[in-house]
Amino acid sequence: MDNFITNLQGVPLQHYLIFCSTIFAIGVVGVLTRRNVIIIMMSIELMLNSVNLLLAAFSAHHGDAAGQVFVFFIMALAAAEVAVGLAIVIMVYRNTKSLDIDSLTKLRL
Amino acid sequence: MDNLFSLLLLPLISAIVLVFVRSDRAKWVALLLSLINLGLTVPFLLRFDPQAGVQFEQMWVWIERLNVNFHIGLDGISLPLVLLTNGLIPLIIATTDHTRFKGNFYALVLFMQLGLLLVFTALDAFSFYVGWEIALIPIYFICALWGTGDRVATNLKFFIYTFAGSILMLIGILYLYQQTPAGSFEWTAFAGLNLPETTQHWVFWAFFLAFAIKIPILPFHTWQPNTYVQAPAAGTMLLSGIMLKMGVFGLIRWLLPIAPLGVAEYGTLVMTLCVIGIVYASLIAFRQDDAKRLIAYSSIAHVGLISGGVFSLTVDGLQGAMIQMVNHGISVVGLFFVIDLIERRTGSRSLSELGGLASRTPKLAIAFLILVMGAVGLPLTNGFIGEFLLLKGLFGTAGYGLWYAVFGGLTLILGAVYMLRLYQKTMLGELPEQWFSVSDIKSTDVVILGILVVLVVVIGVLPNYLLELSEPAINNLLQQISFRTA
Amino acid sequence: MGAIITLSLLAILLLYLGLFKAKSALLPVTLAGLALAIGFEWYGWNQMAAPQYSGMVLFDHYAIAFSILCIFIAGLVLSLSKAYFKAISENVAEYYALILFSLVGALLVCAYHNFAILFIGIEVMSVALYILVGIRKKDRASNEAALKYFLMGAFSTGFLLFGITLMYGATGSFDLNELQQYVRSTPDHQISPLFFAGILLMLVGLCFKVGAAPFHFWTPDVYDGSPILITAYMSTVVKVASFAGFLRLFSMVMVPLDGFWEPLLLTIAIITLFVGNISALVQSSFKRMLAYSSIAHAGYMLFAILSIGSLSPSAILTYGLAYSLASVVAFAALILVKRQIGTDQFESFNGLAKQNRFLAFVVTVAMLSLAGIPLTAGFIGKFMMFGRVMESYHTLLLVLAAINAVIGVCYYLRVVVHLYFKSVGDQVETSAIKVPLNFQIIFAISILLTLAVGVYPEWLINLL
Amino acid sequence: METAFLLEKLILVVVIFTITLVIAMYSTLAERKIAGFMQDRHGPDRAGAFGILQPLCDGGKFFFKEEIIPAGAHKGLFIMGPVIAIITACISSAVIPWGQTLTFGDTTITLQVAEVNIGVLYIFGVIALGVYGIMLGGWASNNKFSLMGAIRAASQSISYEIGLGLSLIALLMVTGTLSIGEIVAQQSGFVNWNIWSQPLGFIIFVTCAFAECNRVPFDLPECETELVGGYHTEYSSMKLGLYMFSEYINMFVSSALMAALYFGGYNFPFMHDLGLSANWITIIGVLVFFSKIFAFIFFFMWIRWTLPRFRYDQLMRLGWKKLIPLAIANIVLTGVIILIKDTFF
Amino acid sequence: MENTPFDYVPILIQLAVAAGFGITTIIGTHLLGPKVRNANKLTSFESGVEVIGNARQPFSIKYFLVAILFVIFDIEVIFMYPWAVNFREFGWEGLVQMFVFMGLLLLGFIYILKKKALDWE
């Protein structure tokens, strides 16, 4: 039990780094491979939140509050972004009745 | 009255004025303005001292941070071309049909004059490049807007070719700019560079391609015949009479002093190209049915010879090139005008359809004959002295001089053949029935042709005046080169 | 800061004007506000430039010049919008407000001195645009463009943020000065690998934002699907501001590490040029052509970052101004033509020269400027870019750029060809296109400025 | 040491959990009894004296009823809904200080499960999670009434969460800490209770708490006259029981919060003047705290039979247009007054 | 008061207990209750009427609007927490700054109200 607690308190920075990078990578892969718009948005959120976590970890590591303040900024703007994004998704859904990104073929590349 | 800038400013102002002249009088306004500009040129000619190097210099800082100056001046090499430009532009304007062209056409012509003059007077590479490019835009529009046939594709090709060449030149200029110690675009700074040999090779190609496309020298000439044929007569005159001299001028003014080692390395190759071009173009010219196309090819042959003269790196060759540039300008403008007059009267340029017009148009026939003689280079015409000097220069070229001279000399013979065929097929022989009603040229046209004919003869008889203008400059240049290559 | 506050308040004021149905006051108020903002920036020019607000922003000459440029271009776009917005939606006030919000973001990006502000600026700039892109609610193309822009924008933000975070992890600061200190004082081999990874990710994020290949694939679709004026705004103000931010980061912090990122950026620049130009060449739609050409121009603008020097800022400023002016003209002309003909294909420009000489002339000058022909601002921009590259002897890049310049000329001339040499088809009535007064003024200003910069660029280049 | 500490906390958790469950169970009885009292009738009185065993019978019945999962439902989510509801309801009490410390020889026991310094944020976060249980259940049921109820519940609870948060901000400005333990500790005696400095904030908080608990007059998510059973229309047996439980637990926790944040928690008047030992003060404090909680629970039930249910538009209007501006005004007022006091007095 | 991650462990315990309770009861009823199923019983309840269509249909955009507004306002509220806790230290200057922030928020809020985003007809 004691061991468990010391471990909890002393997680090395590398672990956060690897953990967050993994989540970030999962997010990126999600964006690139999934076809459903909502899931893509969730993947993007995953990316942003991994960043938040890492920022908080770094902030604690450096003993510098700026990192946490940055997290606040990210949260606020991510919220704004999601608000707009969801509105766009709904708008698209109303017109196409589909959330599949592949069905959006009006504009060709 | 030695403000050289006014020479450049006037065409610009004239062009702007002419945009707003919408009536039939545009031609006369343009003619008047261009004649004023010609008049302004005269004082420079009178006060010019051939021995004194670059004169009438004017320099303003253009972009300080980049060391770009607006730097213009005249020397023995540029003065004849300025004269040629300012002399030919009024003539070309005079040849146009005032009912067909509105103010915007003349505005373009005068705007082009600005570009041309800037090219010929620039002593700063940036100014030179700007002039080089802005001469291109108006001629593109002239050819494309008033041209005939598949003008869009043809002119696109023309534009792309020349633009590609000039972009290469821009890279070369920027490279040299980096090489100069203080970061300067000045011609003197460029010419004073002592670049390593391999670098000079690269620089040579960067500049040479731009000039070669413009001239055009053999493998880069493919844009030329169609463009000439499809352009309106005035456009063709501008292109062949003045614009292609930009290329030759560039060779003499920029390429030779900057990359003498490059010239030494590739001179033989270029000379060979020129000579092949001469023979090739002449042979093709001989087979043409379209009179305009025939002259277009003859033009390739002639400029091939001129470029050959430049690369011969002899006084004679360069002097010949200088005077022949002027001569060719006069002749080719005259010839194209004649063809245009014929076409306006008969509606045809086809040698197989035409014939025997001399009986109906005696004045035209006489002028045409003299112009053809000039183009062929008979003694006592302007062509003679030019071609003579050029061949002499070719002969004097180190290495394969004899061969160049022999093949270059073919121009004279072949030129005589196709030019006389042109004359014979149009003016002599039996007059087809449909041309019975063809009338002779009007008095204005007589005046224009008269001036051209007089020029052909005068320069033919008294070439020394022109030669003396450029001789010191050429000598100086050659000394520099030999000093640098040694 | 005065300008940023002015614009934010202005945007809110506009929203309220919209609420109280004072629609006719919108444009005058907006323009007055923009003028006031420029006045503030102007006033700040002679002030001592030091990082303000806890080192968050820095209003040096660099920031002010780019800010003024952004405000000016936005003013041009907004002046064109009078009738245009009314035609596509009833929420006119929101248009103005959103564009102004986006402009505020752009100004922040120009003036940031801390990654927090960079991030906020980019987001404010983009979020407003997500809405604007999709403002035509019933139009599927507009919908699709909005969705794609949003997804790609958010995606790239993720990369940018991860990059920022890693740099923060390496240095413990978001402040540009401190990052600079870190890079300068640490020997190369001791710089944390996190920092390099951060550079990489930020590079990806920024390239997304400026639409550089291979992260460009959203650009054509988004530009194509958006309402024309929004496209004009995006391809000018947003692009200029993004590049200003991009350059500021690299010139302040990254210069000592150029061995690391230069090859990458070089590759990106080359790919961008070729992708942009070759794709633009094969388009049949004028709007799409402009979209791809904007990718190509991003490639040219990368040159200044690739070879950072004392002239880079003015190079980007000049190029940005030239490109923006020409783009505004091109898009404005497209609006007029599309209103008449109903399509944004090249064909709709057919024979325009016969119907409206002024319009044709204006478009021609814009195209020549985009192509980089002397005596237009575009040439000066391109010349400076080429000069930058030559200074660091990327001769191969320069040769490739020359090839691209030639390709560029092909498609820009194609417009000219359609303007002057193609005849109007039978299907369209040949009634002359009318150019409203505000369009005339904008055209005149843009073209005069293009020519003025082209002939005498000294003042512009000396600014920075 | 750590093991002992954890053991102690485990015991505390189990005790509190049990108390919570018991209170929740008997709240159901209390509700019916109070309803009866208000309507002048008896209420349940068969099972045991005064129906005292009624909640046990109800509980037993829940266990032995058939559980039905509709064919069109999403099975996993359908089961997860009530579990999440009960979990979020139960864990929110973790940061509430039930009393001061008890000392037995060397050991000191704090009557608070987790002494974290961000207690208010924790509460706020857990409350926000509460909506998931309802939303999942309603959506998974694949029933129109359920979905409607769930959406209403979600939209209602998030609307009032803003008011809740804003009213708390004013409180935090007064207290200057996020730790509930400290907030309560500051209110020792009677005059220090936050209700005196934050009357408006309290009213807003209470209103929002009612809405968060889906209590009348804000019980639109399950209003039987419109939506049958609302989000739990399709639920039966213990899953329904869990939803019910979670509601009553929520009510209990809200009451505890109100008592702790505004009414001094375990503090009572003259507590330090009676000359009692610390342990006794703690024990009395706990009792006082629970009596305050019961008073609020009674208040909840009292309101139920006093006010009629809102219409949905009225509900939204109240939340957005009245409470939020009011809460902001409260913040402004609090800030200005505090600063004037600090500066001039 | 210094907090360590350790202080949060009791919360985990409580979480475990609560989850254990929930899951146990669910499993318990599953084992105890009778299982007499038929198709009729398993259809969704629509007041005894034939079930029409899927329940998961698009619903009023207003709910969505509320959700979005919540997300935005809630974030703004989060911003105020750190300020509120330390508000005495910031003094008048901090107050004015926060008032500016709230003023802007309020302007947005009024805009929303005026746009009738929160009116249910």
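For reference, chains read A, B, C, D and E in written order, and residue numbers begin at 1 within each chain.
Here is the rule we use: a residue touches a chain if its C-beta (ideal position, glycine included) is under 8 Å from a C-beta of that chain, and two chains touch if they have at least 3 such contacts.
This structure is a prediction, so every number in the text was calculated from the model and none was measured.
Least step count on the touch graph, chain D to chain E: 1. Common neighbours of chain A and chain B under the contact definition above: C.
Chain centres computed from CA atoms place B at the largest separation from chain D. Comparing per-chain C-alpha centres with the mean over every protein C-alpha atom, the closest match is chain C. Among the pairs A-E and C-E, the greater number of C-beta contacts is found at A-E. Our note on geometry: chain C versus chain E, Cα centroid distance of 40 Å, whole angstroms. With centres defined as mean CA coordinates, chain D is found 32 Å away from chain A. If you average the CA atoms of chain B and of chain C, the two centres end up 43 Å from each other. Annotation: 54 Å between the Cα-based centres of chain C and chain D. Multi-chain contact residues, meaning those touching two or more other chains, occur in chain D at positions 2, 6. For chain B, the set of residues touching two or more other chains is empty. Listed in rising order, the residues of chain A touching chain E in the complex are 5, 8-9, 72, 75-76, 79-80, 82-83, 86-87, 90.
The part of chain E that touches chain C in the complex is made up of residues 104, 107, 111, 114-115. Considering their complex, residues 311, 314, 368, 373-375, 379-380, 383-384, 386-387, 390-391, 393, 395, 398-399, 402, 405-406, 409-410, 413, 417, 420-421, 456-458, 461-462 of chain C touch chain B. Within the complex formed with chain E, the residues of chain C that make contact are 12, 15-16, 19.
Looking at the complex, you find that chain E touches chain A at residues 4-6, 9, 61, 64, 68, 71-72, 74-76, 78-79.
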